[in-house]
Amino acid sequence: MIRLGKEGGMIEIRIHGRGGQGNVVAAYVLATAAIGQGLFAQAFPAFGAERRGAPVAAFVRIAETPIRRRCQVAQPAFVIIQDETLAALPDTLAGLESEGGVMINSQRDSRALSDTFGRATYTLPATRLSLEALGRPMPNTALLAAFLTLTELLPVAGLKDALAQRFRGEVLAHNLALVCQVADATPRGIWKELVHAASA
Amino acid sequence: MTPQTLHDLRMAQPRFQGLEAGHRACQGCGQALAARLTLEESGPDVVVANATGCLEVFTTAWPDSAWRVPWLHSLFANTGAVAAGMEAALKMQGRDIKVLAFAGDGGTFDIGFQALSGMLERGHNVLFICYDNEAYMNTGVQRSSSTPHAAATTTSPAGVARMGKRHLKKDILSIIAAHHIPYAATASVAYPADLRKKVRRGIEVEGPSFLQIHSPCPLGWGHGSELSIEVARLAVQSGMFPLIELEQGALVGAMPIRQIRPVADYLKLQGRFKHLFADDALAREELAHLQALADQNIEDYALKAETADPLDTEGVDTVRRGGLRST
Amino acid sequence: MPVMTPGAFAYPATALAFKTGSWRTMRPLYQPRPAPCHSGCPAGENPCDYLAQVAEEDFQAAWETLVATNPLPAITGRVCDHPCESACNRGRFDAAIAIHNVERLLGDEAIRAGWGYPLPPLVPDAPKAVVVGAGPAGLSCAYHLRRLGVQATLMERLPVAGGTLRMALPGYRLPREVLDAEIERLLAAGINFLPNTALGREVSVAELRQEYDTVFLGPGRQRPRPWDVDGRTPSDLHPALTLLQEWVAFGTMPEIRSAVIVGGGNSAVDMARVLARAGARVHLVTHDALPGPDVTREAAMKAAPRDIRQAQEEGVILHTEHGVHRLILRGEKVVGVELVRMKKLARDNGRFDIVQFEGTETVLHVDQVIPAVGQEVEPEGMENLLGEQHFFPVDKVGRLAGQAGLFVGGDAREGAWGTVSGAVGDGRRAAAVIHAHLLGEFHDEPEQELQVIGIAELNLHYFEQAPRAEEPLLPPENRVGSAEIAGGLATEQVIAEANRCFSCGNCMACDNCWTLCPDQAVLKTREFAADGSHYRIDYDYCKGCGLCAHECPVGYIAMVSESS
Amino acid sequence: MRQALEGSQAIARAVALCRPQVVAAYPITPQTHIVEHIAKLVADDKFHCELVSVESEFSAASVVLGAACAGSRAYTASASQGILLMSEVLFNISGLRVPLVLTCANRAVSAPLSIWNDQQDSMAVRDAGWIQIYCADNQEAVDATIQAFRIAERCELPVMVCVDGFTLTHTLEPLELPDQELVDGFLPPYHFSRALDPLAPLSIGTLVAPEYFTEARHLHHAALLAAEKEIVAAARDWAAACGREQAPLVRVDGPADAKIGILTLGSVFGTLLDARDQFPGLPVKLMHLRCFRPFPVEALRAACAGLHDLIVLERAIAPGADGIVGAEMRSALADTDSPPRIHNFAAGLGGRDVPLAIYPRLLEAIKKPHPRMSAIDLRPELLPADSPVRQEAAP
C-alpha cells in the first residue's frame, strides 16, 4: 500500500454512472476496502431524486486520519466513469484536477481518450468483462479492480474483502474471479504518482 | 342503611362495574350505558384506548376517573393506532390481555378512520367499539358522516332552504367488512343482552373485531333523558338501525323484527327530526325518503321476522323474573 | 387537595368522590301499586303475589300466600265469577291470565297434599269472638279471627257448615268432595263450631252480646223475595231457591215439561240448567242484559258469564231485557206468559228505571213460572235488628249502625256483592276490625288508597304475546247429574299462566333498572331492599334521568319531584 | 472494532442493541434506510421485535405511544413532513410523560418540496416538549441513540435524536458499534412506572381543568430542565463503558481565549473543523450544540465567555423573525456581563452543500453588523431583479 502525499492528505474520487448501475455500491465498496485496510474513508451518493437510468454520481474520500468534513467533493483527483456515454456530459469531468486521472468503461483505446480528456486516462471494456464473468452488465467491480491496480492505492485483496462483506455465494465468487482477471491484466502502479500529487 | 354499607353494597355488586358512578355524562346518556355494558361483559383483564370525545371527557376529569380498567386517552384521530401499539407490546410481553378501543362516530367514521383501517388491515388483536351517537356531541352537536340523512345538527341545521343533513349516513360496517376481519357487528343499548353477547364474541375472536353500538344522546337527538332506550329500540324496530353480524366480511346474522314500526314513530320522539313533521311538501318528501331507507335495510338484511325467533327484537330482551334474559 | 401527577394520570374509580346526585330534580322511587286483579278481587286476594310463587314452582308457598286472604281457594277457584280476570291488564294485551284456574289448582293441590293453614298457636287467654252463620262470610270471618289469634266460635242453624255453598250450589259447579274438604280443613283449624244452633231458637243476639264483646252476623239471604204479576200468582208457584235446595239435597224435582224462569242471577241460571238437563223446555226471562264489554255491572245479569254460556249450551232459551207482562192462567194454573221488551235505563239521578216498550208483547206457552228474583234476609231471631228492612245497612268494614260490637257481612248486608268471594272478603275485613277492637287498637281513619295501575303505565315492550290456557269443558251432551263441567288446567299450563303475569305494580326483579341505569346508581340487593323491590337507588349518584322508571316493565318506579 | 457502515445501518443496529419490543415507522426519505435495515435485522432474526409497518407517521407515533404505555420499549423514526404529521402526537407523548426514542433524519419542510437536508423539521417541533439531541457525525448518532433510551426512561420523557439526512444517514464511514453485553450493562430493561396493567388500572390522559393545568405544564417543564443532569450522566457513564468521550451538552473546540466563536448544530460542525485548518488565521472557537432541548443555558454561557463575536450558523429559519437558535442565544447571553455580538446566519437550507469556503465567508461577513438573520450562502443572482438583496449585492 502506498503512502499518501502528506500527513492528513486525502484522496477524493468521484464515480459517475447511471441509476441502477450500482454506482453508490461502487463507492461504498471502495471506502469499505480502504477502511478494511485501517485507513479512514467516506462514501456517499450525490443525493438526488433521480430514477433508474439517470446520470448519477457518488463520492469517496480516503485518508490516513479521520475525515471530518461533510461537504461534497468539488475537485476529485480521479473520476471513474461507468458508462462511456456519460463522458460527453459537462458535469462528468467538472473540477477534475489537471493532474488527475480518468478511469472509464470503454472499448476504445486509452491514448485516444487521454487526448480528448486532457488527463491521464485508462479504458477498460468493463461491461463486456462483467457480462462474461457475471452474466450481467455490472462494470463497477472491474473498474475498481483496475483502478486499484493502477494506483496501488489499496491492495486488491482489500477490494476482495470489501466485496466479501457485501456479496455472498456465486455472485461473490464471480466478482472475485473478475477482480483477479482484471488485476492481472492491468499494469501495476502506473498511476502512483498521480495519487501522490493529488494528496499532497 | 348507612352510606357506608351502601358503598359496601356497591363494592359487592354481582357484576364488574368497569365504569363506575360519579362520571359526568348527561342524564340518560346512551354512551355511558354502552360503555358500562361493554366492560361488564369484558371483565377486568383488558386495556382500553379511548378516543377524544364525550366518553373520555365525562369519565376522566382530573383528579377523578370513573374507570376500573387500565385506560389511555391519547388523541381524537389515533385510537386505532394507539390500540395497535398496546396490542403489539402485550403480544411481545406474552400477556393474554385483550385490547379494547373506544371511539365515537367522529373518532371512527371520520377523523379516526385511517388509523382504524390500518389497525384492521394489519390484523391486530383489538376489539374496536364505536359508540355511535350520530354527530359530534362533544363539541356541541355538529354533523358527522354518521349523522342520518335529514337530521338537524348545528352544522346541518334545518331551515327554509334545507331539511337538515343533505347526505346519507355512512355505511361504515360495509367499509369495515371490506377489511375481511374475523368479526364485525352492530348493537344497540336498547338490547343489552344482545350487546353483551356481541362484545363477548368480539373478545373471543383472535384478530381485529369491530362493534358499532347505537347510543342515543338526549342532548343531541333532542329527546327526554328517560327516552334513550325507547328511542334506540325504535331505531331497531323501524329498520333504521339493523342489528347484524359479519364474519370475514360476510353477513352471518341479522336480528329479525317481529313487528316493524313506521320510521315516523322513531323520528317523532326526536327534536333533530322535528322539521320533518312540518306541513310542507319537502318535509313529507324527506320523511318518505327516510322510510324508504329503512325499508331498504329491511329488504337488504331480511329483517322481517317470519316466525317468533328467540332472538328477535321482542324476544331478546323480554324480561324474566329474577333478571334472567334470553341470550 | 389533589397533588398533580406526572402526565396528570388518575387512580381507578376515584370519580366516586364526585356525587352526581346533586344534578337531580326528579327522584325515582320504588313504589308498589295495586294491580287491577288485586283491587278487583272481592275477597281481597293479590294474585301477583302467588302467581310469582307459582312461576317459581313453589306451590305450597303460593297456596299459603293465597289462604292468607281466602281460606277456600278450591271453592272460589270454581264458583267465583273472577272479576280479577275481567280487570287483568293482560286482557288488553292478548288475554287475561286464567287466575281462577291457578287458584283452583292451588286449592286442589292443598287438598290432595293435605297442607294445613299456617296459623299461630292460640294463647290460653286469647280474646274471644262469635260468628253466626257458617256460610262463606261466617267461615271466612271465623278463619281470619283464628289467624289473628282470636278464639272464634262459629254458630250454624243447620247440622252442617257451608250455607248457600252447600244448600244451593249444584255439584256440576262445585263438587261436594271439594266443598267438604275445604270446610273440614277450615273447621279443624281450631274453630269452635256449634251446629244446630239457631238465633231465636237456641240463642238470642242479646245473649251473645252479653257473652262476647263482638258478634259477627253472616245469615245470608234465605227467604225468597215475594213475587207476583199485577198481584196475581199461580197456586202451584215454586220459588227457584226452594226447588234448587231440594234438588241439591235429594236430587228430586217436580215433573215439569216447560217453564219460564224469571230472574238473571246465579240461582235463576242454575234452576234453568237443572230443568233443562231434566228434559224440560226452559225459557229464562230477565230484565238484565247479557254481560259484555259495553254492558255496565248494574245492567248485566248477575250470573257468571261462564254459567250463562253453559246454560245456553245446555238448551236454555234466554230472553234478556224482557219481563213478564201478564200471566196467562187457566183457573189458577199457568198455561203461558206474555213477555214484553224492557230495558234498564239510567236516569239523571244515576238510579235505574225499568222501562217497558208497548207493542213488543209476545206469548210463551209453558206449564210453569218459576221466580228467581232474589232473596232477602230471613229475619228470625234478628227482627229487632232488621226492623222494616230486608238487609242490614253497614259501613265499609261491616259495622252495624248504632250497634256497637255488632258486625254483619256477606249477602245479608245491604249492597252485598252477592258472590262467594264477596262474602269471603266481608268476613276477612270484619275479622280484622273485630281483632283490632278486641285489642282496643281500632282507629277509624280511612287509609288513602294508591291508584290502581293501568296498562298505560306498564312498559309492554318487555312482554311477549302468549296465548291463554283454556280449561276443558264437559260437552253439553255429557253434562248429567253432578258431573263437574270445568276440567281445570294441568300443572304446566298453570305455571305458564303464572309466567304470563305482568306483575302489574309489583317488582319482578327483572334487573331492568339495574341493567339500564347509565350512572350505576341502581344497586342490586335482596336483603337491603326495604321497599319490596330487589334494588336500592344510590341517590348520591342518581341524576334523575328517569330511564329506570320509563323502562320498568311493571310500573314499579315513580318519578317524584325533589322539591316536593 | 471499526466497521464500514452507512449511517442509517449503524443507527438501525444501535437501536437493535437497545432491544425495543415495538418499532413502528412509515417510510420517508431520508429516514427510509434506517427502517429498511431494522426490517432486515428482524427478517434475519437478528432482532426480536414487533415491527409495525403503519399507514402514516401519525399512526407510527401513536403506535409507539400505545406500546410504551403498555409496558414495552418502543422506537420510531421519521423526517420532515412525517415529523409534522406526527406533531400532534409528539406533543401528546411528552405531555403524558411517555419515554420513547425517535430518530429524526433531518430534512427540509415543503413547500417548496425538498427531500434534502436541513433542520427545519425538528426545529418546527422544538416546543413539543421533547428532549432534542443533534449529532455531528454517525458515531455520535450511534452513541446518542443508545444513551437516548436511558435518558428517556429515567426522565419519563421522549427523546428525539436528530441526524442530518443524507449527509449522515447515507454516508458510509468507519464506526464503532458496541457489543450487546456492553449495551445491556448500560441500559436496564424497560420500566414505565405508569404502565397499563389490570392489576393497577390507572387512567392516563385525563382532562385537566384550568385550576390544575398550570401545575401539569410546570411539572413537564421542570422535568425537561431536570433532564440535563441525566443527559450529562448518560454521556459520562457511556464514556466510562465504551471509552468514547463526548461533551453531553455543548462541544467546544478551539482556544479558550478566542474572541470569535461559531455555534452550530449537526454535521456542518465537522466541515467547519476542517475549514479552520484549511484557512488558518484568527483563533476561532467552534461549538456544537448537541443538546438543544433542554436548552443548556449555563453550558452555553460558559462556552461563550470572553467572545466578542458569536456566529450562530443554523440549517433552519423562523421566517419573518430570525434564526431559531440565534434568537435563543441572544436571550441566553443577554444578561451576561459583556455579551458578544451575535451574528445569525443560515446555511445549507434544502440540502445546499456547505463547503469549506463557508468558513472564510462567515469571518468576512461579521465585519459588518447583521441586525437580522440571513442565509450566508444565498445566491442573489437567482433572485428577482427588483429584490433589494440583489440590488445591494450588485457591484
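Before moving on, here are some points about what is shown:
Letters A, B, C and D mark the chains in the order given here, with residues in each chain numbered from 1 onward.
In the analysis below, a residue touches a chain if its C-beta (ideal position, glycine included) is under 8 Å from a C-beta of that chain, and two chains touch if they have at least 3 such contacts.
The shown structure was predicted, so the numbers you read here are calculated from the model rather than taken from an experiment.
Taking the mean of all protein Cα atoms as the centre, the chain whose own Cα mean lies nearest is B. More inter-chain C-beta contacts link the pair A-D than the other of C-D and A-D. Chain centres here are Cα means. That of subunit C falls 92 Å from that of subunit D.
Averaging C-alpha coordinates per chain places the centre of subunit A 66 Å away from that of subunit B.
Averaged C-alpha coordinates put the centre of subunit A at 34 Å from the centre of subunit D. Centre-to-centre, using mean CA coordinates, subunit B is 44 Å away from subunit D.
Those residues of subunit B in touch with two or more other chains are numbered 59-63, 65, 67-69. Contact with two or more other chains is made by no residue of subunit A. Residues of subunit D in contact with two or more other chains: 96, 201-206, 208, 212, 216. Shown here, the protein chains touch in an arrangement that is not a line, ring, star or fully connected set.
Taken pair by pair, the chains that touch are A-D, B-C, B-D, C-D.
Interface residues of subunit D facing subunit A in the complex, by the touch rule stated above, are 2-4, 6, 30, 115-117, 137, 164, 166-168, 170-174, 267-268, 270-271, 273-275, 351, 353-356. Listed in rising order, the residues of subunit A touching subunit D in the complex are 27-28, 31-32, 35-36, 40-45, 47, 49, 67-72, 74, 162, 165. On the side of subunit B, the complex with subunit D involves touching residues 44-47, 49-50, 56-57, 59-63, 65, 67-75, 77-78, 80-93, 97, 114-115, 117-118, 121-122. Note for the complex: subunit C touches subunit B at residues 2, 5, 8, 10-20, 23, 52, 55-56, 461-464, 499, 503, 508-512, 514-521, 523-525, 528, 536, 538, 540-541, 543-547, 549-551, 553, 559. The touching residues of subunit D, counted against subunit B in their complex, run 21-22, 24, 49-50, 52-56, 58-72, 74, 88-89, 92, 96, 196-198, 200-209, 212, 216.
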